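Below you'll find a set of structures to go through.
Shared between the two complexes below is chain A, which pairs with chain B and chain C, respectively.
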Partner chain A sequence: MTGFVARRVLLAGPTLLGISLVAFLVLSVLPGDPIAARIDAGAPLSADAEARLRSELRLDRPVLVRYAAWLQAAAQGDLGHSLHDGRPVAGILREAAPWTLLLNLAALGAIYGVALPLGLLQARRPRSTWARLSEGGLILASVIPSFIAALLLQGLFALRLEWLPLAGTGEAGQGLAGPAGLLPHLVLPALCLALAGWGFATRYARGAFAEALPAASLAAARARGLRGPGLLKHFGLLLALPLVWLLGGIVPSLLSGSVIVEEAFDWPGLGRLMVHAVLGRDTPLAMALLLLSAAAVLAAQLLIDLLYPALDPRLRGTGAEAAHARD
Partner chain B sequence: MHETDPATAGPVVAGPAAAGPAERAPGFRSRRAGLALLGGLGLLALAAPRLASEDPLLDLRLGSSHLVVPAPVPWSERRVRLDESLSPPSSRHLCGTDVLGRDVLARLLHGTRASLAIGFGATLAALLLGLLLGGTAALRPGPVDLALGRVIEILGCFPPLLLALSLVAAAGQRGLLPILVGIAAGRTAAAARFVRAETLRLQAAPFWLAARASGAGPWQAAWRHLLPLLETPLLVQASFGIAQAVLLESALGFLGLGVEPPNPSWGQMIGDGRGVAAVAWWTVAYPAGALALTLTLLLRKVDSRVW
Partner chain C sequence: MSGRFLRAFGPVLLLGAALLAGCRRPAEAPGGRFVYSLQAEPTTLNFVAGSDLSSVLVERLVSDFLVDHDSSLAVVPRLAESWDFSDAGRTLTFHLREGVRFHDGVPLTSADVVFTYERIIDPKSKALGRLDGFLPVEHVAAPDPRTVVVTYREPYAPALRAWEVPILPAHRYRDADFEAAPENRAPVGAGPFRFVAWDAGRRIVLRRNDDYWGGRPSLDEFVFQFQPSLDTALMSLLSGDVDYAKLTPAAYATRREDRAFLSRYRVLTFTPLFFYYIAWRGDGSNPFFADPAVRRALGLALDRQGYVRSVLHGLGAPISSPFAQLLPAAETTMAAARFDPDEAARLLNAAGWKVERRGGLRTRGGRPFQFTLLVFAGSEDHVQFAQVAQDALARLGVEMRVERLDWPALYARLKSGAFEAALSGFNPTPDPDSLYGMLHSSQVGGQNYAAYRDPEVDRWLDAGRRTPDSPARLALYRRVEERTATTQPYACLFAPTVIGAINARFERAQTSPQGILGHVPGALSIRLAGDAGVPPTVAPGRTGEGSRGAGAGGG
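Coming up: the complex of A and B.
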């Protein structure tokens, strides 16, 4: 088991390095020219100034040299400066990250909060009216793209009913002050972000429950009269295990989803930053965001791989090979 | 294990058994109907330039004879008529017009092309590349597997939308290619992971041993005996991939970073219509409906686990 854990952790290093290389190459080798973009933006440069800017941005050096320099700086926490306003990228990210984290955690809570009970319901009584109704509703939820869902939610709850604010973060925009004031602003974006994940997560939970519920040990415990909380105490882990795997599927799609949702709801997080970086051709910022998102996915997967054997006693003995085959 | 697909993730594993005739019987007709509808969408996409153009007449050439009929949509997708801005659905414009007075139905038909081209193109590329990467990794254990495993893992770490956005930013121009590559990368990782895991698993099966014992090399045995087994689950995975690609393309269009305007795509139409949706529902409702219909058809294919 320790061999498997060590292998996973050791291999994460090269993978992270590869991720940084891809992120760098994608945004620096391809034909777009940040200088040209700046000139387009309405700030004419003299040839002298352009050359100075080029050497400042190290655009006159070979790609691998630039990569090495960038990597070295990034390892020390210096991700360069935004081409847009010259602020350090790391600072911009630090400002936006809590917003995205808050939104994604809220959405994750909403996804699990709905997917678990519905999945259990569908697995226990697959032919009941409620199971069928919820299934239909979830298919509907998963074919409505989040940007349309955003329009519908805003139209209904903000414009028609005026229950919740339309977008933004209200007065709390200057920091995370006043959680009570922030909550109404969080509801619609979190709901919108969760909507896309519900169908997938519920289907997954249903499959996992459908496999675990008929287990002989469970039937035996039931036959001995174990009910409700007692059953949960002994079998909760068995039912919960597949849901740890589920996290690996949700995290990347949540990160993609929050780009759309943050843009639609004017949420000051990393996703909206990405859209602005791309529209404004702000290469250092976009590069840092791409790197950060891929690293977050890698971290989530690593966490799952480490958590799973820790939670599942069956994997501790000979299970390392089984886990291997799955990675 | 990092599967995001309902097609392959989870304890319910798609296998040849699921496609058996006994399980196929109920609802088989509706599956066929779904496939026919998808095919119809493809045909619409191919025929869009002829169905919806400035030409009021449609010339159906049958061999040497001509059959001239009134064109179903006598508007092109980029004909701007400001005097007809935001006119509601009528016999003149069946689905109404957008802010610039362009016919929504014509744009919808032409938008099918962008959405389906990206969906099918990205998925096909991902499937082929995934087969190659995953198959090679499984058949060449040791350093090759380790190295390819890293490549697959790296590809799988990038959230597809962020990668596509970065590629669009880097290329400095919109167009199909950056979107296609960005979407294909993520799908490649999923396909490769699945192919590798299945190949490793099936190598323990007796048929593999029998094939190898009778002198077939690993590649030959994989080609003859493994690939047919992977076909159905891969196709199911592909329909999920197409759905995801169509969705991503529309998201990029919504952000204003999709195909180059004035070429239409569904997402772009929704993004354009967002500001006027309150007074002109048809600018958003029709493309959103088309998108939802396509996604429903594709996801039903995933759920049924057969093609």
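Coming up: the complex of A and C.
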């Protein structure tokens, strides 16, 4: 087990390294000049002044040299300064990360909150009208592209019904204080983010419930007198397994979904930063964001690999390879 | 709702609504709170690095500039109460105002001015927007706390305007990481308003500085509310959440006869020095635009007047020359920018681009006249004008394709010269020297996107830079203007007019080419209607520098 964990952690290093190299290359071949992030379109600017900036930002060097310099600094924990406003990248990330975390946790809550009961319903009564309706509805919801879903939600709840604010974080947004004022602002973006995950998560939960709760074993447990909490305790662990596994499927899609949703709802998180970093060719910021989301995905998978054997005694000993083999 | 329900609960509802409305807008403190809708958030409030339009608007209120300009764009004293030129224009001496203190109480001295200069020229500060005006400086000295002596390598005519910079508090920055200093997000200045808060993505709040050297400002609080969309800004203006917002030409066109609107808001219009142009890449990399006659022909085929009238609802000025707003208009340049498709056709025929068959494209030596215009996809002005131009040129037998790019991609293409024609915008300062970048051959690879090379124009531009302000200097730029009217490296198009609306609760806002804030007195003149108060001190300009135009389409 320890060996397995060590191996996974060690492997994460080269994986991140590879991702960083590819990301750097892709950012550098994007058509566009990073200097443009720093200057005002149309302001007078001499060739001399610009050459000085280019050399100060080391943009006049070959891409691999720049990558090596970036890597060296990053290895020492220095993510550099944003090309747009010159602020340290680490500080920008610290400011935006709580917002994205909050949004993603809310979306995750919304996904589980809907997927579990509906999955159970569909598993127990697959032929009922409700099961069919919910299945069709969720699939429909999950194929609506996020940016369209955002417009629809805003149009309905903010403009027509005026129940919820259109976008932004409202007055309460000083840091994360004042959660009560923040809540109405959180609903629409979290809903929009959850929308895309519901169909997948519900189908997954239904499969898990169907496998873990065959009618016969449920009947057998009831026959032994198990009721309510006892029943839950009996089957709880079995049910937890697939739900943990589901996390690995949801986290990456939530992270990529935040990019569109945060931009649409003017949510000051990492996703919106990403849009601006890429559009402005702000390489230091974009690199840090890409690595952060890659690390988050790797961490989620590692966590699952660790939780799985902990929850399921059958998988211990041979390590989590067995868990992979199940897939 | 039934009538009975209304009768029963109507008064309660009304009371509730009144209460709600009361909560929405707390009673105004004397002097008032002015909320200004700003479309782009400032990048930084580091006075040296933050030189984009939004940053400068805020900086001007938090920190006074060393010198500034009035609403007619003539230079006026601010932190420097006077200045003199000596040594045939090579030396500029500033005399600082006495008793000026930063908001933290520390006196502002010549050491702060020297420190600001040192930071601007240090490449590590990446102070791109302000660097150019300081490259010709040889030395800056502070012989005493109230005197700054600037020595130039050679006489430099735009010197004074280059010092329209906010002054950094040296004591705050000297030992800090310049790019990460807390003051970059919470600036300490010596201006009429103190910084209170920067709520990232939402607003910046400033409060009146009671110890301001120029007297207590009339407004208590000044808020910049960030609203990227002008539609949102208009909604907020109508709901009373902001007091000043820009209007789109379309929004204004529907309201210019609206009595109710006009009784609650005062409409202010101004035309910044900013203008749009098409750069024809004339270095021979394409078979079309190395020939001045072809460039002139395409320029004649563009109906600038018609565009401004029909698309911009008349809210813009057709522009005939890059100097149009910097020099008094000349006959020759006006003629070069008229709309004359017949003359355009004649010029193209004479240049060898002929229509072989009716309705076909013009060709020369078997090569059809087809080229691509690059435009910035994020600007409606770019996209709309390109469409209109496309139709106009098609009628002439010229096929213009339009390629839309995002700004970094467009910028890279402009720099590298990998294009045939490109639509762009330019925001000159009031000094005609700011056209140096577009026209001087040394700036090919810089802002001379047309790759225009004319040894005589180079000579005139260089001489203009050295010649102190005088009729002789104007004559030099007049020559450049006349030459470029004939050679047309750029087709100058139009300068869009900016329309703003201010809540009628406030009065005495003055416009300038830089809006209601981008000048002296700017924010200092705005006050609640009926608030008498003492007018702010606006010391008269001492020098007689030419009073045409300041840069930027700011506030």
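Convention: the second predicted complex is superposed on the first by the 274 of 327 C-alpha atoms of A that agree within 3 Å, B and C clash if a C-alpha of one lies under 4 Å from a C-alpha of the other, contacts with A are read in each partner's own complex, and residues count from 1 in each chain.
Simple rule for what comes next: a residue touches a chain if its C-beta (ideal position, glycine included) is under 8 Å from a C-beta of that chain, and two chains touch if they have at least 3 such contacts.
The structure displayed is predicted, hence computed values, not measured ones.
Between chain B and chain C, B contacts the larger number of chain A residues. When the two complexes are overlaid on their common chain A, residue A:Arg87 makes contact with chain C while staying clear of chain B.
Once the two complexes are overlaid on the shared chain, A:Ala310 sits clear of chain B and of chain C alike. When both complexes are overlaid on chain A, the residue A:Ala47 reaches chain C alone and has no touch with chain B. Once the two complexes are overlaid on the shared chain, A:Leu156 sits clear of chain B and of chain C alike.
By the touch criterion defined above, A:Ala69 reaches neither chain B nor chain C. Of the two partner chains placed around the shared chain by superposition, neither chain B nor chain C is touched by A:Ala220. When both complexes are overlaid on chain A, the residue A:Arg281 reaches chain B and chain C alike. In the superposed pair of complexes, A:Pro145 makes contact with chain B only, with no contact to chain C. In the superposition on chain A, chain A positions 30-33, 36-37, 279, 281 are in contact with chain B in one complex as well as with chain C in the other.
Taken in their complex, chain A has these residues touching chain B: 11, 14-15, 18-19, 22-23, 26-33, 36-37, 139, 142-148, 151, 155, 159, 200, 203-204, 207-208, 210-211, 242, 245, 248-249, 252-253, 255-257, 259-260, 263, 274-275, 277-279, 281, 283, 286-287, 289-290, 293-295, 297-298, 301, 304-305, 325-327.
Across the interface of their complex, chain C is touched by residues 30-50, 52-53, 55-57, 81, 84-88, 91, 95, 168-169, 173-174, 266, 268, 279-281 of chain A.
Those residues of chain C that touch chain A in the shared complex are 43-44, 46, 49, 51-53, 123-124, 126, 128-129, 131-132, 135, 179-180, 184-185, 199-202, 274, 376, 405-409, 411-413, 415, 424-429, 434, 436-437, 442-447, 551-552. Residue ranges of chain B in contact with chain A, taken from their complex: 1-6, 9-12, 149-151, 153-154, 156-163, 165-172, 186, 197, 200-201, 247-248, 250-251, 254-257, 267, 270-271, 274, 277-278, 284, 288, 291-292, 295-296, 299.
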